[in-house]
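Okay, so here's the structure we're looking at.
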Amino acid sequence: MPRETTPAQDLIRGIWEENPVLIQMLGLCPALAVTNTVKNALAMSAATFFVICCSSVLVSSCKRFIPREVRISAYILVIATFVTLADMMLQAYAPVQHKELGAFIALIVVNCMILGRQEAFSSKNTVLRSLLDAIGTGIGFTIALLMLGGFREILGIGTFFDIPLFGSNFEPWVVFVLPAGGFLTLGFIILGMGYFEERKKAGNAA
Amino acid sequence: MNDKSSADTLVVTPPGAEPASQEPVEKNVSTFRLVATLAVAGILAGMLIAMVNEHTKPIIDAYRAEQLRIAVYEVLPGAARYTTFYLVDGELNPTLPDGAKEVEYKRVYVGFNEEGGPVGVAVSRGESGFQDVVMIILGFDPVGGKLTGMKVLESKETPGLGDKIFKDKAFVDQFFAGPELPLVSVKAGSGKGEPNEIDSITGATISSKTVTRIINNAVEEWMPLLQQGIPEDEQP
Amino acid sequence: MNDSSIRVTASPHVRSAESTTRIMWSVVYSLAPVVAASIWFFGPSAVLVLLASVAGCLITERLFGSVRSSLADGSAMITGLLLGLTLPPGFPLWMAFLGGAFGMAFGKLIFGGLGQNVFNPALLGRAFLQAAFPVAITTWPSKPESWWTLQGDNLALPLMSPVVDAATEATPLGNLKFGDNPVITPLTDLLFGTTAGSLGETSAVLLLLGGLYLAFRGHLNWHIPVSILVTVYALSGLFYVIGISQFPPLFMLFSGGLMLGAFYMATDMVTSPVTNKGCWLFGIGIGALVVVIRIWGGLPEGVMYAILLMNALVPFINRATQPRKFGSPPRRVAEKKKEGGP
């Protein structure tokens, strides 16, 4: 099925319709591991956003020089470089967040969402469109992480972005701060999305 | 990466369209070229990382040193300054042998008051707690055999329960009240008022006991050496 | 949704008075003495906690359950009662309600309702509560002066922390494992339930009676509780004799939630194996896990996790213990034939 897309579609596609986490189920490791607060989710999203944008631009501009046989190695090399940069810069300028995220910054390298965009899009398209695609995907990732982070922080700690919501006597639902809570929350969100999708379909059919 | 000579062998797909078929375009790419491409890319990446590292390393190191400094002064309340002593061949030495790597040596931080007299010794130690390794820095007075303070540096203990070892002020304050060593962990309210008792946190007995265990083990490890004499102040 | 179409099967048909509804309600009746005992021991708090968890289950079943699985079959009622019986008497009511709703929605309805679930819904609800509110669920208030006094902070407002300033007490298991001067609670206390603990885990005798009644009526497969109890007794006896554990085997049997778990939770018809051989495997697995968790785990009690873990293995146990078709060759022969061609 050949698809012609406009640059605007490149941008919008990744945000919701093909949301990397909620629809494509990619990049679940960071999405589950470090989203126990909105702040952590935001820091992880920012690092990932930086890496995917830089990688997409570089890969699409160098696509002429990368032989097919070693393209995956080359993509990984590019991604790993930017991840290392992001890691060092976070450590220097946001040490508290860096400590919270720990090894998961380095693990952005193996976030298949990023590698997937290189292989599926940047290696075949112009620099500008690759950047738009990367921005869209990055925003989609950010939205998903913020949804997870918001839900988990509100119930698990009783705050949103460190602002107390329920007063001092709130009983935190500890499970949502723990890794298990990530799975539960992702399940809830996907369940909710599926439910509304079904409703919409039923409404259209009727 | 500037190897333009073979660029013409690549087919560049028009923007926006996915290639109709994934035909192998290049038939014979020399192994040399594959290796060279990656090597050049690797060198460029390494240079980029080195450049950024040059810039961020001082900031990171300064932050770490600052964190350590704050922690040492926190657990040694009477200290006006402190000196790091490394354990070299069974003796405490303020300097390392030439060419030695700092991370390979155990160390103590000896705190001194304004007059240059030693007020206590701080050491850090990690042991496994309920979830993962709990890292603690503790200050104690080897002469009086009393603890002067304790700070949790790293912990993944259960939020809401085990993390009270550093969030529950009542628990933490006990370590600053000068308890005698070695510490004994008792259930809250069931102590006999002995000077070495630490009330554990209700519902987080394992985490509480981890803290006292780490402190006792650290003191046990360093006490014999320190009782032979606390090193003198280097800069009077 | 073709359930309305008429199914025609060939005769002969066996008529039986047994039905899901009947079995379920007889389980509810068999729990009556345990419920009564919990009210006797813990006062009005027990009534409130049980009501809250039952309400959580019933309301969720009513809201999200399919039309056919009405409340009348009693399964939601059992889930609510069992969940309530695993909770401490001073548990905030809003949490008990939440646990019931969670267990029902995510332990049962999400799989397609009665008969489809993998995990025991009551235990799933409790596992959620244990993970979400680890402090509240392990706070055992001491017996109040008067029977009428509410325990702990039952009436904490929704989402708010319970305020427990009353003295608390350790359960027999917690005391022996984490206490400063561990005491082995006398067996008579364990048998008749005069110890601290969850609503339904204190009186071993009544649980045993209820279980025997159900086994006699044929509503529970006696292989499961027997294999669990035998395994726990044998293993903990072995470890006690070697000197690895400080838990005497009889103490192991009658303390904590083992009786409740063995007779009422593990025997859930939906989440236990089909064959008797499978039931033995299932029970031995639960018993071994209980002993391991109690002796080496970070928690004083492990019945809940033991049963949930074995629930997850039930499909595999069923496959492994599938009986041979009558008249077919033994499996080994059949496999050989397959390998050797037609």
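Just so it is clear, A, B and C label the chains in written order, and each chain counts residues from 1 on its own.
Rule of thumb we're sticking to: a contact is a pair of C-beta atoms (placed from the backbone, for glycine too) under 8 Å apart; a residue touches a chain by one contact, two chains touch by 3 or more.
Owing to the predicted nature of the structure, the values given are computational and were not obtained by experimental measurement.
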Identity of the chain that, by mean CA position, is farthest from subunit C: B
Of A-C and A-B, whichever chain pair has more C-beta contact pairs: A-B
Mean-CA-position distance for subunit C and subunit B (Å): 44
Subunit A and subunit C, separation of their C-alpha mean positions in angstrom: 40
For subunit A paired with subunit B, centre-to-centre distance based on mean C-alpha positions, whole Å: 29
Per-residue overlap in subunit C, given as positions that touch at least 2 other chains: 134
In subunit B, residues with contacts to at least two other chains: 158, 160-161
Set of subunit A residues in contact with two or more other chains: 174, 178
Subunit A to subunit C touching residues, read off their complex: 166, 169-171, 173-176, 178, 180-181, 191
Partner subunit A, residues of subunit B touching it in the complex: 1-4, 7, 10, 12-13, 15-20, 24-26, 29, 33-34, 37-38, 41-42, 45, 48-49, 52-53, 55-57, 59-60, 63, 158-161
Subunit B contact footprint on subunit A (complex, rising order): 2-6, 10, 62-70, 73-74, 77-78, 80-81, 84-85, 88-89, 91-93, 95, 124-126, 129, 156-157, 172, 174, 177-178
In the complex, subunit C residues that touch subunit B: 134-135, 138-139, 168, 178-180, 298
Sites on subunit C touched by subunit A in the complex: 92, 95, 110, 128, 131-134, 136, 156, 159-162
